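As structure tokens, the structure follows; a few thoughts come after it.
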């Protein structure tokens, strides 16, 4: 019994650390969005808070959100309305748990790691639908509907893109996939050269994965469910104060989580040529993930938004067939090579 | 876009008066079937009787397809705000104006008709010019003119509870009555300048 | 009002189930506005939607109706001039021009050449400013906020120059009957080289025009060249020429439908006939063309301004007018090519210091009338895009 | 094995707790007057079944339940409900209660059939505990031994899919 208790204690500790780290990085990403967008638009961005570069801006905003009134509209379905942000945040954290930071630093290493991540991530759809419906506002409802349609459409390409990687690596474990990418692919003289999957056959999968991730995260150019100019923030319209903050945090934590997963699946995870994964692993992985996050921010501030039907046709006409073709090619190559 | 090739401009030489080419207003008046027109201030204006209002528009439409605007003037000797017309009383009536133009050469005319103040009804132009829709709703709001046959005769600017028709001369400007506009004394001579003759001298305190 | 019991609702439910065997998507009435990020002010669209498609839409206006036509009856001409540049606040000066021209025509006064040139330059600068606002707000409505900053930065330069001359940015109130206002310390109507233009205005304007052209090139590449923008605009909100004329759409919206009608060419008002510029038209009349037309018009306006700066005549700023402006009896309508379309004033003068009646023909009001036609059957995202592409200002709609 | 021993094992305690939650959620699903609430309770019930699979060590099946049933099927349910007749206000949508007894009968019959089939096939003996993941075995079973039933089911599902599209699609001539 005491051992079991210990396991739970350890797990709780790990989870606590994970939550703190994720919050910290999410705040960094928020700040990066403020600054990056500002520089892309010839602005300075946050400047005063904290004295230098406005580094305290995100904390100031977090405080502002926390002290705002937590409103629940009269027509809202109270329990569902209040539960939705928590479900959203929970789903995101459930994904983050399985990301391996180094060969030894893994909160949970599941056999089915990536499969679990996809399953946990799909729960966030429910949270969005809950938020959209329970707000009692037509704009929220339309936003929720759009989100539902969009997330269903992009779940499939996401899974298909992952399947290619799984076939090539021969495992679903996140650690296993990372290690598979560290295996020497070919030899130059006596030196074995390893390549991350994005360079070793899964470039199509990577592109599909990233597009689907953008859609899953409801980021521009796929942010129709919140579409401020059309739906006045869609399913977020009625949220305020701490619950809005939870959605916001969920978005940035989700960006981090999905980028980290993409880094594990396609960019070699914690491995980087010549760096000791045990020591530098966490930084390498974080660096790769933040690079992808930067790309997401970059897209956000340069592109307009697609229309819902255009997004659907992109998913079904291009991404799904491409994903299937990718799987077929990968499977054939796996057998042949 | 192609067919209204401004025929108003081309047949000008064939017009009856040989010594002076007839004014644009005369040509439009002939087309609209009216003999009352004026060309003052480079603004061609043709008066038609109320009965011929829609017909006149229909006759002009092939030449002037662009419906600029429609509005009205409340000619009244008793005014609640502003100045009455100088130089004697006017014939009390509501004058409805509509401006038509083309989209090639800038040919244009204002059609006008008179309504007696106690019978503000006029057939709607919406069947001829679609664009008249909102303008007629506005005129109905502002002057209380009833446009018979309008497809959507709801108020456009004012709320449903609003009483009165603000652009009638009998409608007071309440804000003005509560607090007189300083415009009454607005002309103050510059300190250096000598007081100008006329009203400004009276206005300066 | 008592709440319906479950039993009542059940009865309704059963009868519905009996009538409609298949599940139909219920129609929903969506109020877009009056408080909405994309309605350019307080416009309300009562839309009947099925799914995301608009079945019918009814614009509701009047939230900003300020009664300018009534106010004009109690104000002198100079005071009305300060009023009318608030109609379309994005292009303030351009609102003043047709009003002053109408008053001048009734009085038989003509402004001196230099004043006319200054009017023309300022009008074109406001046209640039207006179109830059369009070019930055339109992508923002498609979800791209960044062009906003690019376009607004150059607009600031233009407005700074305007401010240097007129002292105002949005509401210059710079026109006077018979000319324009002499700048600071002025007051003389006779000074030949008067202090009308601020120091460095000409050079500054030339530089600003170069910057405006540069930002136009940027926007052409980054906004109009963007595939997503093209997907969202090409073939969307098509307004054929016949419909545009039928609904009396004017200005860039009309020219985007392929009708080469520009009052600067047609009407004889400011010395436009001395300058070389193109009337820009586009063939398709969709959102994309409405965007392109405005982009090109910025370039043409820059062309006009550069020519006008090169041939700016000297001379007085003001014609001789009586100290107290009294306009003789009569009526006339003067229209001008405003940034948004045909703007005109029908002034009926009773012979006094105040007009008897002023009818304001504003471009946005007439351009907006085509909205229900354009929006029928559109998807909600396209509704916002079409709305934005028409470029209206609610002050110009409601007056 | 006495009841005390049975309860003494922590897995059984968890099983009991999950079972109770599932039962309560299931009851809520059929009694709730709010369709959306009912569907959300269905999510709880499905999550419970995923938890049960986890207890059994069948990770793959558990995550499949989450991914397919919660992530896709329920989302589709909610989507369909919201687009048709989910009430935006809080007033409950009156559901038809006339056929509740036949429905209960069908439910009991299904339960009895499944319970009988399970006990008849596996018996009451305790199965051997499995230590490793069953994913590989599951794959072997599906694609070797049961490949023909598997393909047949896929075919039926495809037919159902096409049928659904045909039914839902309105004739443009109408």
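A few comments on the model shown:
Chains: A, B, C and D, in written order; residue numbering restarts at 1 for each.
The rule is short, and it goes like this: a residue touches a chain if its C-beta (ideal position, glycine included) is under 8 Å from a C-beta of that chain, and two chains touch if they have at least 3 such contacts.
Predicted, not measured: the structure shown is a model, and the values here were computed from it.
With centres taken as mean C-alpha coordinates, the chain found closest to the middle of all protein C-alpha atoms is C. Highest inter-chain contact count (C-beta pairs) belongs to B-C. Relative to the C-alpha centre of subunit B, the farthest chain centre belongs to D.
Subunit C and subunit D have centres, each the mean of its CA atoms, that are 60 Å apart.
Taking each chain's centre as the average of its CA atoms, subunit A and subunit B sit 63 Å apart. Centre to centre, using the average C-alpha position, subunit A and subunit C are separated by 43 Å. For this pair, subunit B with subunit D, the centres built from the Cα atoms lie 74 Å apart. Shown for subunit C are the residues in touch with two or more other chains, of which there are none.
Across the assembly, subunit A contributes 138 as residues in contact with two or more other chains. Of all the residues in subunit A, the ones that touch subunit C in their complex are 37, 40-43, 138-139, 142, 146, 220-221, 223-224, 227-232, 301-310. Across the complex, subunit A meets subunit D through its residues 4, 75, 77, 80, 110-112, 115-116, 118-120, 122-123, 125-126, 129-130, 132-134, 136-138, 141, 144-145, 148-149, 151-152, 155, 159, 172.
Taken together, the subunit C residues at the contact with subunit A in this complex read 28, 30, 36-38, 52, 139-146, 148-150, 153, 222, 226, 228-229, 231-232, 379-384. Every residue of subunit B that touches subunit C in the complex is listed here, in rising order: 1, 40-43, 45, 65-69, 71, 73-74, 81-87, 97, 99, 103-106, 110, 129-131, 133-134, 142, 155-159, 166-167, 171, 173, 176, 181, 183, 186-187, 190, 196-200.
Per the touch definition, subunit D reaches subunit A in the complex via residues 10, 34, 36-37, 40, 43, 59-60, 63-64, 66-67, 70-72, 74-76, 78-79, 82-83, 86, 88-90, 133, 135.
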